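Consider the two complexes below, in which chain A is the common component and chain B and chain C are the respective partners.
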Partner chain A sequence: MTAVAEAKIKKRVLPSPVTGQEMVLVGVIAVLWAALAVSTPAFLTAGSIQPLLVATAPVALIGVGMTIVIITGGIDVSVGGAIMVCSVLTAKALVEAEVGLAVAVLLSVAAGALLGLVNGVLIAYGRVHAIIITFGTANLFMFLGLRIFGSGTVNGIPGTLAFFGRGPDGRTLGVPHAFLITVLITAAAWWWLRHTAGGRHFFAIGGDAQAARLAGVRVQRRVLLAYVLTGLLVGLASCFVIAQGTSTLDQSVGAGKELAVIAAVVIGGTSIMGGRGSVLGTLLGALLVQSVASGVTQLGWRSQLSDLFVGIFIIVAVGADLLRARARRNR
Partner chain B sequence: MSRAVRILLTQRIALLAVLIVAVVVTFFVNDAGGYLTAPYDFDYMSAALITAVPLAMLGLAEMLVILSGRGGIDLSVGAIVSLAGMVFGFAYGEWGWPLWLAILATAGFGALLGAVNGFLVSYIGFPALIATLATFYAYKSVAIVINDQQPISTEPIQKLFSISRSVELPLFGQYVPDVPLGIFTFLLPTVVAVWVLLARTAYGRRLYAIGTNDVAARWAGLPVKDTRFKAYVYAGLISGLVAVVTVGQFASARPDAGVSGNGMALPAITIAVLGGVAITGGIGRVAGVVLATLLIVWLNAGILLAFVGNEGSQYQLLALGAVLVFAALLNGLTNRKYGGSAS
Partner chain C sequence: MRPRFTAAVVLTTTAAIALSGCTKKNDTDTAASSGSGDKTYKVAFVPKLQGVPYFEAMNAGGKEAAAALGNVEWLYQGPTQADAAAQADIVRSYIQQKVDTLIVAPNDPDSMAPLLQQAKDAGIHVATADTDAPTSVREVFVNQATAQGIGEGLTDALLKEMGGKGKYAIVSCGQTAENLNAWIKVQQEYTKTKYPEAEIVDVVYAGEDQAKATQMATDLMNAHPDLTGLVGECTSSAPGVAQAVKDAGKIGKVFTVGLGTPQAMKPYLQDKSSSAAILWDVENLGYLTAWAGAQIAQGKPFAATNNVSSELSAVAYTEADKMLLLGPALAITDENVDKFNY
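Moving on to the complex of A and B:
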């Protein structure tokens, strides 16, 4: 076999490393940043970009897990409740037990993984549609979170987690740690999903679970793993959330985050029907949403206006994907 | 005996009826034992029905879109309630339109917002979850920006609070508890209208058909796109009516009425699923949604009395989540054990 033919086969087995959607997103973010830089000179400064990257981190990080879940054909609408449980648990541990950084992160990640395990077991072995189960567990997690909160807020959170925060302790050479960790995890997940058999199994399950099972994929275990991974990342993201906040954690933490994460995943080009998607796109989607939010504030518009743009971006991103799919079919 | 178990497991309406009786009896016993902070009696149960009005109406709205199949769902109903509520606030509270015209305009506006969803889902082919997620964000944002984040609570709006009062029924009213007026002015007409639409019109049969198998329905010559589109329009229309109810209850048109906290979409979808509507489409009945609403409303009302302070509202979350997971697992179980559809 000639080298050309070999290359052709390889190309057919794996999709191109960067999808069209991702190129477009990079372009849109570049144009947006350029426009903002022109209209508000303060935008392209470290003091403005660094908080933007820090704020992107939690949604993008959870988005990595959500992307894998959605690739398998599932969805997880309980991440908002899970963020609440992990962050209040960790905040209480920081205040009352005065735990260190490593213990706090371990605690949060373990709690998140446990919540993910609950979702995963119910979905993989209960054979019920993921959206219904996670709607249910969303309520259960919120109950749990509110019980841990007690009646009020958690006050006087020490700066133990400043390593992930907005301040100078949260940066190395000007790069925020929270964003750096998110990029590294995204890159690792990208490699795993694209170049290992275990990663490809998720796509197989989303494409056709029955066929995947007959081909020897342990479907239930892979599905379980996807939700546990999401839980792990929720735990880590909750540490970012605490670090970004003030010394007070209130009961609205995590509210509505599940939709923000799903929006980032969808804008990133992952198909909600399963079987197709990329964590790189999710990172870009989260960055785009946060850039819009930041831009709207800096232009002095009402901050809620950014939601309108999020809605429009979802329509445009998915609409473009639909048109491309239609063009592929007709070819 | 096994027949009774089978009916309970496969007939969602029978199960819900038994659960409602169990809940009510439990709280009556607790009440008699003096474990509740206030009496749980028929008057209290009747007054609690006020919360059933928006819940059941939005549950029916979700049922219509979920029935239409192909992953039908509407995440935007809460945002429609917010935005249509602001329109009602302007029309009735600021521009002084007559009440009937303002209600009509609000319902029409809700239908228009639903039509945007329906157009995206049915004619363009967006997955419903995505289209309504996008419009959720868009409507929510516009509702807040449109009046600069301010609620509208002018005098006519404040007087509207009277529509959420309780009234004595005519003829035999003195023998039964007073009933919230919203039940008669909004909930019952909606329930009857949706029932007639689904059970007595050709449109209803078409909706079940496309939800069960839309390819087969298309080959049978049914207008699949048009039917699915209208399901979203009706859901928007009902959400518009809920907006009027909500403005009345708060005595104010609040820009975040339908999206604050958990929003209204999540509980509405929960009610629909609990009522036996299959998330895959084509299966679901009005009676199931109404009974599921009564179960949740009376359960929540009892929980509120069983705990002191805000613990009650926390345990309501536990109850809602547990009931939903239980119902979903039961659906999966009965599907495997008895086959066929568990409606």
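Moving on to the complex of A and C:
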């Protein structure tokens, strides 16, 4: 086969590098930012955009893992509980053992990976739907987290993780580290999912697990990997969460984050039915949600309006996905 | 089962008579002592959520009171998140257990009211502490401080730093929290009358989420470049607004006060990103709650001024709104923060 023919086939097989949903999201975010810039002059200043990007990072980062999980046709509703376990463990290590930045990150990531492994093993080999398993583990993780909290808060957390924080230590040349790391990981995941066989197996599993198995994809291993990856990213995101929080960590940490992450994934255009999706869209979805929340506050509107907007975005995004699916079937 | 049932009937009747206020004191006393001479009263307290330093300190105070009073068994259980439905389940389980007194700090006063009615129908004495359910059948509300006292305390502490003028904003938590909203109302009115040159530019709601409170405070500072003050209305947003000021490098330009627990506020009080935390002695509040629970379980009426313990020697009770008042609000600064271990 000639190189030209090979390239032609590749072109036919690969979807376009940027999906329609992502183009729409870029447009919506651009319009929103422009509108906010006009109505509140401070919106487009560094002092406003930098914290916004920092606040986007944890949700977007976990969203990378969640996107892969949802592409395989699964879901992980235990990430909120997992954030609680990772962050309380890490915060305690920071306070009581006075560990350094690298150790803290390693500890958090290892804890997250372990929790992800529990989910992955149960889902891949237990043959029970992911929502049931992760709903169960969500409660287990919460129990574990509360036990580690031990009826108190973790006080006096030192500034060890300020590298990921909102303050001046959290930026290089004006770019917040937490957001930069998130963008890099998103880019790597995008390339991996699109251009390697291993990455594309996730789509095959989500499209038709049986067909994927017959085609030689090791379905269970791939599924296991998706949950472990999500766990790893939860671990890293928990470090971001601690860095962005105050010097006290209380048990509300992580609460409701699973829904925020799933919202970002769905708004980003990933099909909740599996088989299709993109991590780039998830990053944009998370950015849009945080921009709306900041915008509502800066405009002086009622806080609950941001919930309303996020709800509308989700419904519109899912509606668009269903329409696209219908169009494909009729083709 | 039978003796307990008899005791419950006696207790309920006694309480009903005492409350309707148409008996002579002697009758109540004899009835109470004959019906339950050395009975231990089960006093159950359901906080808004369990495991936060605030309610754990109340629990510590309640335990202390139970030990001091001798005839009280203090029960304490709350939901792990400030959720009205989860709290209702715990209240129902205490009704099932037929405790003597059930005291609640309701997450949602309106949805708690019918449950308290249920408890009363089951012969249980009901009360509220920390947060009131004003429309309910509760026999007493153990109030930490009046809305007036807290609202004015917060406003005075902040405006002292702001020089009596300027723009400030409030980061509150639950949008339906009765007590927070009552304090905010006082802050708005008091600011208008006492500090005519000051203005509250916005009130936002962050839930119990610290990170969200911090982000909202950051957004508020961006939206109002001339903002010089922020109030954190609850224990999660008080450190949150201080952290936002610290991260933005605006210590000394934007002042914050808040309703924070001492240990959580300590680093911020020390680096001056927070000027003061307004609170009350939470352990004493727990002590008073347990004492009041025992009091109504025994059908004893409250006096206008009650001698509860050596630290609480003159607790005022107002008959009109059936409220016990702990005392004036307390300002915690970097000077006295070490006195509190919660």
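Quick note on the criterion: the second predicted complex is superposed on the first by the 322 of 331 C-alpha atoms of A that agree within 3 Å, B and C clash if a C-alpha of one lies under 4 Å from a C-alpha of the other, contacts with A are read in each partner's own complex, and residues count from 1 in each chain.
Criterion: a contact is a pair of C-beta atoms (placed from the backbone, for glycine too) under 8 Å apart; a residue touches a chain by one contact, two chains touch by 3 or more.
If you're wondering where the values come from, they're calculated on a predicted model, not measured in any experiment.
Chemist: With the two complexes overlaid on their shared chain, look at chain A and say whether chain B and chain C clash or fit.
Modeler: Superposition check on chain A flags a clash between chain B and chain C.
Chemist: Which partner does A:127 contact after superposing on A: first (chain B), second (chain C), both, neither?
Modeler: In the superposition, A:127 touches chain B alone.
Chemist: What is the contact status of A:259 with respect to chain B (first) and chain C (second): first, second, both, or neither?
Modeler: Once the two structures are laid over each other on A, A:259 reaches chain B alone.
Chemist: Which partner does A:294 contact after superposing on A: first (chain B), second (chain C), both, neither?
Modeler: Only chain C is touched by A:294; chain B is not.
Chemist: Let me test your reading of the model: by the given contact rule, A:48 touches which partner, first (chain B), second (chain C), both or neither?
Modeler: Only chain C; A:48 stays clear of chain B.
Chemist: Identify the partner contact of A:244: answer first if only chain B is touched, second if only chain C is, both if each is, neither if none is.
Modeler: second
Chemist: With both complexes overlaid on chain A, does A:168 touch chain B (first), chain C (second), both or neither?
Modeler: Once the two structures are laid over each other on A, A:168 reaches chain C alone.
Chemist: Does the superposition put A:220 against chain B (first), chain C (second), both, or neither?
Modeler: After superposition on chain A, A:220 lies in contact with neither partner.
Chemist: Is A:307 in contact with chain B, with chain C, with both, or with neither (first, second, both, neither)?
Modeler: Once the two structures are laid over each other on A, A:307 reaches chain B alone.
Chemist: Just name the clashing stretch of chain C against chain B, choosing from 110-118, 218-226 or 326-334.
Modeler: Clashing stretch: 110-118.
Chemist: Would you please give the residues of chain A that touch chain B in one complex and also touch chain C in the other complex?
Modeler: Shared contact residues on chain A: 142, 146, 151, 255, 304.
Chemist: Which residues of chain A touch chain B in the complex?
Modeler: It comes out as residues 75, 122, 126-129, 131-133, 135-143, 146-147, 151, 255, 259, 262-263, 266, 272-273, 302, 304-308, 310-312, 314-315, 318-319, 322.
Chemist: In their shared complex, at which residues does chain C touch chain A?
Modeler: Its residues touching chain A are 49-53, 56, 80-82, 175, 201-202, 204-211, 214-216, 218-223, 225, 235-236, 239-240, 242-244, 246-249, 263-264, 266-268.
Chemist: Can you name the residues of chain B that touch chain A in the complex?
Modeler: It comes out as residues 71, 73, 75, 120, 124-127, 129-131, 133-142, 144-145, 148-149, 261-262, 266, 269-270, 273, 279-280, 309-310, 314-315, 317-318, 320-322, 324-325, 328-329, 331-332, 336.
Chemist: What does chain A use to touch chain C in their complex?
Modeler: It comes out as residues 40, 42-43, 45, 47-48, 51-52, 55, 142, 146, 149, 151-153, 155-156, 165-168, 241, 244-248, 250-253, 255-256, 293-294, 297-300, 303-304.
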